[in-house]
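The structures come next, written out as structure tokens.
First chain A sits with chain B, and in the next complex the same chain sits with chain C.
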Partner chain A sequence: MTHYRIWNWLFLISFLALLAFLPGLIPEFSLNVVITMLIYSLFAIAFNILFGQAGLLSFGHAAYFGTGAYTSILVYKHFGLSLFPGILAGGVFSVLLGVIFGVFVVRLSGMPFALLSLAFNMLIYAVAEKWRTFTGGEDGIAMQRPDLFIPGFGSIDMFPTVNFYYFVLIIVVLCIAYCWWFTKTPLGRINVCIRENEERAGFVGYNTYTTKLLVYLVCAFFCGVAGALASSFDEFVSTSMINMVKSGDILITTFVGGLGIFWGPIAGVCFLTYLNDTLSSFTKHWVLIQGAIFIAVVMYAPDGISGLLLRIKNRLFDRFKIEKG
Partner chain B sequence: MDYISILPIQILHGLVYGMLLFLLASGLTLIFGMMGVLNFAHGALYMIGAYFSFSVLLWTGQFWLSLIIAPVLVALVGLLIERVFLRKVHVYGHVAELLVTFGIAFILEDVVMILWGSEPLKIEIPAILAGSLSMFGDTYPTYRLFILVVSLLVFVFLSLILTKTRAGIIVRAAVDNKEMVGALGFNVPLIFLLLFGVGAWLAGLAGVIGGPYLMTHPGMGAVILVDLFVVVVLGGLGSIRGALLAAILIGEIQSFGVLFLPQFALFFQYLLLAAVLILKPEGLLGEKT
Partner chain C sequence: MENATILETIDLRKDFGSQKIINGISLSIGRGSRHAILGPNGAGKTTFFNLLSGFHKATSGEIIFKGNDITGLSPYRINRLGIARSFQITNVFPKLSVFENVRAVLMSKHKIRFNFLRNIRKWGNLEQETDAILEQIGLREKKEAQAGFLSYGEQRALEVGITIASDPEVILLDEPTAGMSIDETRQAIKLIDKVTQGKTLLIIEHDMEVVFTLADVITVIYYGTVVATGSPEEIRANQKVREAYLGDQ
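On to the complex of A and B.
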């Protein structure tokens, strides 16, 4: 067992080292794609905690992603905050919204949960689209991202892509590390228990309502942070960040990556972002190919890409063991 | 503006759009209620219905012929989707099915763009329906009344079939408890297949009559899908009467919302949906499961 652990840690560390040296290795254009991948990895991992671990399928998580995106742009614009407080505000406002919606949503589970979360997503979308004076409606708001101000150090210019890349990398790695730790905490474990049998978890004495609400809020926070990073990266926010298509995207990405596996969504994000990027540059009909790939994944790799990779790894490893034995 | 005099026309506007929504929702609510498949391809089936009717109209010049042929073609596509894809992924759960229908919707939309182009098409309506009738001291396009009549006929027939015939009773029983129906010796997969076919047929019919009324373009299915979803959930899964009630409600909210509070129409619609889901998660006329 420890043998596997060492390999896992080695893999993780070399992966992080690769990310740290990446700006020197690839052109700036590709770096933009990697930043997108990082941001959506956080979004998908947060979503997967709620769905994969707590078993709560939400059709409306763009509500939190979008709230984070709008909040950060609006606080840059109206309060002139610097980068980090703006990102934090995105997460905090998403949690506040999560409290309002979560109180109702968390009472449900299964399909009613999914539908009510979608209804709330639509509600917040309607606000973003119609409250033009505040949100800019469909035209959105453009706002240059501010500098990063560190007390006692001074400010760092965030305009160069490389600087922003390191900022995103640090935030995303810290957030994902917290998410990973969260799944190992007693609270995270109780969620698995509730997923398997909510009634029994309640009889054992756990407060299932509060537990579900807490995990819902943790998820909302990280979705909000991801949204804030995304709008700061694009220097633009519009209703496309808060609409139902975004909610669908993240569900698809998570599924393609692999539902039950913590790292799965990252595989999904990298695969689909790369695919979109390459396909859209050489064929007009990439939507068709994308549709075909979704169907192929569901039919032939229902555990997603990471499930497929794990199966291949296990098979290789088993053979290795047999040869050794 | 004199609100009283335009009231009947405004109600009629809402009713026409609502009835078109009902036509789409009736098929989807049975599919969703019974199979649990939130069929995102339903909007795409509606869209190809409109395109099929355009082509049939182009070749034969007969609107009435396209009204018969196009929905049948869409139903065949629906049967193919169920048999080839959905049945296989049923064991992997709701999300897998959802993803497959997403994929199918993408593919259909792109294929339509390849075959018919992405420009909006104009579908000619027959001369007999092209005029307008005078009513309530105003004139109203005959074609919209035609939509109303067709949708009402579908509602009446569907209700009669579901409540009075043996096949309908089996379908309703399967919506309630498909394991039990299967255990009683009925071929549930076959019922699923036929139900999906009927749902696709209804979507195709809605496409044929909705194409000239709304616009025929590749994104038309995606546009109507949100309203469609609202209607199905609001009405209650598997309930035809609920779908009718919700469809008319949504049609009227949009019709009057545009008139009085254009800023809030969308908001009210979703607020209503959220409120109903909070207070009565099974929908207005849905049954508790």
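On to the complex of A and C.
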């Protein structure tokens, strides 16, 4: 047991070390792809707190991603905030939106939950599209990302991709580390209990409504942070960050990665982003291939890529055990 | 032998549409008593429990717990006041380990509900307490096992464990030995007897042997009304009960 744990830590540390030295190893163009992977990894991990751990399937989480994205660009533009407060504002505003929507949606679960979250997503999308003076409508808003200001240290120019890469890396690693930690906390554990048996959780003394609402807000916060990072990276926000296609994408990505394992969604993000990046240079119809992969995973690997990898790993380890005698 | 009343129902009624399931049950449960509810299928025993535990809201009538009206409170509030129930159909957290099933209840008991910053392992006594409960219900060896994969008897034991873990004053057990063999039933009775010492126990049971060994008060329910309440001897001798339920001649 502890043996496995040491290997897991070693793997994690070498993976982080690789990420830390990555800018020296790959061209800037590829670094952009990695930044995208990092940001969507956070989105998918946060989404999976609800989808995998709470068992609540949301068709509308672009609402929070998009709110974070719009918020950060708008606060850069109108209040001249620096980078970090802008990202934080994205998360905070997503939480505020989460309170408004959450008090209604967490009363539900299953299909009604999915549909109501979709409805709320459409509502917020309509706001982003129609409130042209504020959001720029379909044209969106472009805004250069500001410098990172660290009190007592000064400003760091965020224009070079490498600098922004390190900023994203630190924020994403910290956020994902917390999401992992969250699964070990009382709220994280109760979240899983409620997924398993909401009725019984009530009968042993949990207010399942409040619990689900809190979990919903934790999820909204990190979705918002991911959105804020995404729009800061693109230096642009438009309705494509808040529409239903985005909601569908994150659902597919998380599912393809595998929702049963904490790290699963990251596998989905890396795989599909890489595929998207490679295939889109060959054909315009790469979405077709993405769709085919989704169908294949749903039908033949319901545990996703991570489940598949885990199964292969277990089989290999078993074989080694046998060979050692 | 007659103790102070801890739980009381006053003319409790429950209708589902035009169907009157509970037709005015007035019952007082003495503190520390072992009270069995007896009655044929469909008599309204489980519905009565559902009212007491807050799963259903009563159509009319009152439920008084330690002098306070608890009618219409939600299940989690009633549980926090000190009334815990088990279920006839095993109702655990199937994909979690046995250990986690019980620990979840203890977290609730210690009001560790919404903390999202500290690792659960930091509450050191939680693990010891969980182990103690598992020891009591004989599942210590199986603590890492997934609850859904336990044998039927073990799941029933876990069901009891989850119910008693919050250290309630009143324990409602809904047919804890349903579907068990004679041997399993005897073991289950021993377990229930052991873990409910000093508590008020309200138990629904079909098995006569169980009822007459475990209970000191028996209430017979028939079509949502109380036919008789009394000591096992009185119930055995009661002519109305014999006709309605015990199937004498």
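Following the convention adopted for this analysis, the second predicted complex is superposed on the first by the 324 of 325 C-alpha atoms of A that agree within 3 Å, B and C clash if a C-alpha of one lies under 4 Å from a C-alpha of the other, contacts with A are read in each partner's own complex, and residues count from 1 in each chain.
The definition used in the following text is that a contact is a pair of C-beta atoms (placed from the backbone, for glycine too) under 8 Å apart; a residue touches a chain by one contact, two chains touch by 3 or more.
For clarity, every value in this text was computed on a predicted model and none was experimentally measured.
Colleague: Quick one: chain B and chain C on chain A, clash or fit?
Modeller: The answer is fit.
Colleague: Just checking: does A:Met299 make contact with chain B only, chain C only, both, or neither of them? Give me first, second, both or neither.
Modeller: first
Colleague: Can you pull out the angle centred on chain A between the C-alpha centres of chain B and chain C, to the nearest 10°?
Modeller: Apex at chain A; the opening toward chain B and chain C is 80 degrees.
Colleague: Figure out whether A:Leu115 sits in contact with chain B (first) or chain C (second), or with both, or with neither.
Modeller: After superposing on A, A:Leu115 lies in contact with chain B but is clear of chain C.
Colleague: Does the superposition put A:Leu309 against chain B (first), chain C (second), both, or neither?
Modeller: In the superposition, A:Leu309 contacts neither chain B nor chain C.
Colleague: Tell me which partner touches more residues of chain A in the superposed arrangement, chain B or chain C.
Modeller: Counted on chain A, the partner with more touching residues turns out to be B.
Colleague: Just checking: does A:Gly248 make contact with chain B only, chain C only, both, or neither of them? Give me first, second, both or neither.
Modeller: So A:Gly248 only meets chain B here.
Colleague: After the two structures are laid over each other on chain A, how near do the C-alpha atoms of chain B and chain C get, in Å?
Modeller: Minimum C-alpha separation, chain B to chain C, in the superposed model is 15 Å.
Colleague: Can you list the residues of chain A that touch chain B in one structure and chain C in the other?
Modeller: Shared contact residues on chain A: none.
Colleague: Can you name the residues of chain C that touch chain A in the complex?
Modeller: The contact residues of chain C facing chain A are 53, 55, 74-76, 79-80, 84-85, 87, 91-96, 100, 103-105, 107-109, 112-121, 162, 165-166.
Colleague: Going by the contact rule set out above, which residues of chain A touch chain C in the complex?
Modeller: Against chain C, the touching part of chain A is residues 181-182, 184-190, 192-193, 196-197, 199-208, 210-211, 214, 218.
Colleague: Enumerate the contact residues on chain A facing chain B in the complex.
Modeller: Listed in rising order, the residues are 57, 104, 108, 111-112, 115-116, 118-120, 122-123, 125-127, 129-130, 244, 248, 251-252, 255-256, 259, 285, 287-288, 290-295, 297-299, 302.
Colleague: Which part of chain B faces chain A closely enough to touch in the complex?
Modeller: Residue list for chain B touching chain A: 36, 85, 88-89, 92, 94-96, 98-100, 102-107, 109-111, 113-114, 226, 229-230, 233, 263-264, 266-267, 269-271, 273-274, 277-278, 281-282.
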